[in-house]
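Shared chain: chain A. Partners: chain B in the first complex, chain C in the second.
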Partner chain A sequence: MNGYAQPCLALIGMPQSGKSTYLGALWALVQSPIEEAVREASFIGDRSYIQSLAEQVARGEELHRTGVDADEEMAVELEFTGLGRAAVRIPDTSGESLRVLVESQLWHPRLRGACANATAVMLFVHPAHIRVPQPSSLLTVVEPSANSAANGTAVPFDVHDHACTAAELIDVFENVTELCRLRWPIRVAVIVSAWDRLDETLTPYEWLRARLPGFVSTVESGAQMARLEVFGVSAQGGSLDAHESPLAKGEICDRVFAKDRSGMPVSLVAPMRWAVFGQ
Partner chain B sequence: MHEPDRESDPLSGPGEVASPSLVTAADTMTLEQARGLSGRRGARLVLLMGEAGSGKTTLLATLWERLLESGELAGHGLAGSRTALGFERRAHWQRLEARSAEPAPPATEPAEAFLHLRIRRPDGKLIELLLSDLAGAQFEPVREGRSSLAGLPGAARVDRAIVVVDGATLGVQGHSEVAVTRAERLLFALQTGGAFRDTARIALVVTKADAVAEAGERALARHEVPLATLARQTDPEATWIRTAALAADGGPQGLGALLSWLCIDDRPREPARASEVASARSIASFRA
Partner chain C sequence: MSVAHQLLFGYDGGHRLLAGSRELPADTLLLLQGATDAAMNADSPALVTAVALPAADEYAFCVTWPAPEMPRAGAVWGHVLLVSAADLGDAGHFQALLGLPRRPLDAASDLASYNSPLDLGAPTGVSLEQLAPLASDRDVLERIVAAVYGSSDSAVCVHPDLAAGTRAMLAVWSGQWPKLRAGFSFRTRELFRASPSSFDLTVAAKVSGGGAVAPAAEAERTPRWVAAIVEDLLTNARTPLREFLWTFGPDGAPDRVALRRLAKLWTRVAAGDPTRVRNYLERRWPERSGGDLKYALFGAGQDRWWALDERTRVRTLVHAGGDAWDRDGLELKRRARALGIR
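The block that comes next holds the complex of A and B.
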């Protein structure tokens, strides 16, 4: 594990990309007697924050946003079946702090601390919040009008509104990998959340390659900097807005699911296990 | 835990420790930052020279768009960028221009701005490119002989020089000759500016190639060889590349050729001329 006794995972992603939901569902699985992939090895420390996330996921509630100055950290010793124990630190960084990094080009101290110490990064991407490039050569010319959106003079560039997601993620990747360059190559697990909403014909890797090709190419080209793995996860087991609540499917361990890069069903624990052990 | 080695942060000046809040990737890079990256990773400095409105920024923005939307171009993969959002800002104006019948992208402000691209060549080698995005106005004193090319940001150690010729003006009577003459003068500036390393390369790039009408083709046929001959006095392998970044039918053209050219190896160093060798020998024997 890169010579570090304690793996430190940085869970990062833009606001509402599914980080806290994943963390809550994972913690529920850790405690579930039915889930065999992982269990808590040492019952020491304050678990109130992570417990509250798990309970919200169990109740099928929309999770509150993590505050930009939130100082929550999960430091647990976990036993992964077949792989052994690992003391894992997971600071829960807010999506807002990542947005500040991209839009204002500033490191929030908490995000910087999480990334600087990271042995692996779990990067969350929500399919509903992706902006893809619109090649200029394919855009249709419209007649001049009073509509300012159609007139270049009136719409100054704003990262939040105009930058493509792939460009934002490349920016994040460059900043994060540079920060932890003493530990290259780091593991980068891209977690595509709300996988239940997506077309089943594509595997998570194919989906990411199709939607964010520039970003995938960037991470895969930098083999000396990072190793890429892709997972699709459904940490609620379905959409909370759907006609039929995911709660109808049963307990968390019955409804949540994950798929590996090739589309094979895996435990929701698999992304974290890969981030910790590389397998 | 190890702390990152801030002193060698490419965004820090010499001996300067970067603030913990500073990021590595940003909108654009200054010359100082570009030098840092160049020194650390052997990045290539690419100087785009040409008139205001000739399509230099459009070329960069379209190259970025193509790489972002497919991950690769002509077998060359996107491997990262420290100025992804700077590219996005330029692409944004271009997208608006494409949508609007009254295009009004802002002209590049005179400044020392560099955009960074990391490209994975088909053989797997990573190439770091630092692309200058200078305003057309900054080249005017250079081509008029009022100042040296070496005075332009980054020009003191150019690895690739691109002289842009606006294809749309080639077909316009009166303008065609001016465009060619100005390109010629920029080539002279490269020759005499003392900025050009003996392993560097030159390309003459016709932008808006889809707008080169019949008259433009005649102008090109007339001037292509003389301009290439002039360029080859500095770089014997200098080449012409035609691009159409915003071509409506079939999408952008020539960008793959441009990217391949940017990523090919430097020219082999030329053996020193006999007179230089003799002079070096006499200095050596004098010192002995």
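The block that comes next holds the complex of A and C.
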């Protein structure tokens, strides 16, 4: 396929799920002469924001969180090898705005705008921040007040503190697909970030099925609404907290990596390419 | 007792409400969550955000500080103070409000102290003089005044010294009459992306994305009305201009352009030029609008705003055209007859 696409991608995920880091690493790759999967097709538009992200990722720095009301976006024209050009627009939404959607059932205007106009969704999940369902008996144990614990008083369920990740993501999926109803089926790429921290024996798809089975089942059973793809990405090439800095692994092209649903190595560009072209 | 309710936002798995003295609807919380959040470096000065709350006669005054002690880069503290529009118009309460924002202690050991409302009548140790603009802030003050009152669009002023920008911004806000003040939204930001904004005024250290940002005013071209307002704000006292604005401003629509119109009129009044005052009134307050204003300037025995003799007043109006004047209300015939003016 060779053509010209004008996709609008919604990068969404809870706080610290790796959205901005992915954007920064992706832009560093786009500018790298070594990366062959994608190149910048035109120099129109404001690049200051993504350039700043890319420089921070290249230096191995922890990226500042995206503000709730931030209105930054990546708007560039890219040439994907073998597939064609695309004028890609990606508003960088804050994780907090997605949390508000889940916890208060309230759309932040910027998140709503990003999702309403989206031709595909890239949903970020950070393995270190997965919360599994907790039985009510456990909620009693974690009661902070000593008196209440002694009395066995149950802690009231609080969405922010107790909702499991799968439930949150199902809620996100239902809200987003409802907003995109006129464009069904939309592409939903789940990006499991910090893949370098995970057990190598599982593929990204197997990991998602193992850790968030309810979410996977929901998306797969709604095939008329969405097409699912799964990727594992390491947009820093390692943990910034680790004894050995990811910078020791070399330039950004040498250290970042991604895997497709079956665990095959792919370019970090692959999730975006799939979101744009479906292949 | 007049109180300011307070909310504290900070980082806990995301920027969120950590403590507060009252419950708020989810949409208001979302607005304040965004208002208290901003991109900051560890050495950034405190940022100010102020906004009227929709569907409530209340106003939120917020200050945001960097929180480098938190585990996430870019985390911030945001302290919100909620006051009624009536308290915003009270000089003492307004001054108290400006002194109330407080950053939590580093270990956040004082979060519980944010769960109680604050007394606006209690002394805060901060006076308006401490927050007043300095003589060296004149340039940024002129640019802000020209941008804010020059049009009803969202104004953006880029100034590298955010502390000076904040002083100037607070001075502009404090110079507004209560109703205008209660609807004025403003903020300081390290970086502003040139895009449509819902704030009346944004003062930013840097701007990204190009776009339309008002250029700096050239000193020699500073309009007289801007210079007059700036002098008033630098004086930080009830000047005749401030009295004039606060007397007649509340009668009109609470919009910024109304303040510019009144300030322009004042420059003509202060110059003692009755013909130009009359012409400007006819142009900007046509037909019978601005009756009190016209009477205060041209009515019999009205000498509060200028020392214009009765004969000049009457002669000026006798030659007035159009239907901008309530000749009966101004008793023009009687006054002209008494002075032998035909």
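Things worth noting here:
Everything that follows uses one rule, which is that the second predicted complex is superposed on the first by the 253 of 279 C-alpha atoms of A that agree within 3 Å, B and C clash if a C-alpha of one lies under 4 Å from a C-alpha of the other, contacts with A are read in each partner's own complex, and residues count from 1 in each chain.
The rule is short, and it goes like this: a residue touches a chain if its C-beta (ideal position, glycine included) is under 8 Å from a C-beta of that chain, and two chains touch if they have at least 3 such contacts.
All values reported here derive from a predicted model rather than from experimental measurement.
Touch criterion met: A:F173 reaches chain B, while chain C stays clear of it. In the superposition on chain A, no contact is made by A:T201 with either chain B or chain C. Touch criterion met: A:V102 reaches chain B, while chain C stays clear of it. In the superposition on chain A, contact of A:T218 is made with chain B only, not with chain C.
Set side by side, chain B and chain C differ in how many residues of chain A they touch, and the one touching more is B.
Touch criterion met: A:A116 reaches chain B, while chain C stays clear of it. Overlap of the chain B and chain C interfaces on chain A comprises residues 105-106.
Interface residues of chain A, counted against chain B in their complex, comprise 4, 8, 101-102, 105-107, 109, 112, 116-117, 132-144, 150-153, 155, 157, 159, 162-164, 166-168, 170-171, 173-175, 178-183, 209, 213-214, 216-218, 220-222.
Residue ranges on chain C touching chain A, taken from their complex, read 11, 13-16, 26-27, 29-30, 33-35, 37-39, 72-75, 193, 195, 208-210.
On the chain B side of its complex with chain A, the touching residues are 1-5, 9, 20-27, 61-62, 65-72, 77-82, 84-85, 87-89, 91-105, 118, 120, 126, 245-248, 251-252.
Put simply, chain A touches chain C in their complex at residues 14-16, 46, 48-49, 61-65, 67-72, 94-96, 99-100, 104-106, 108, 160.
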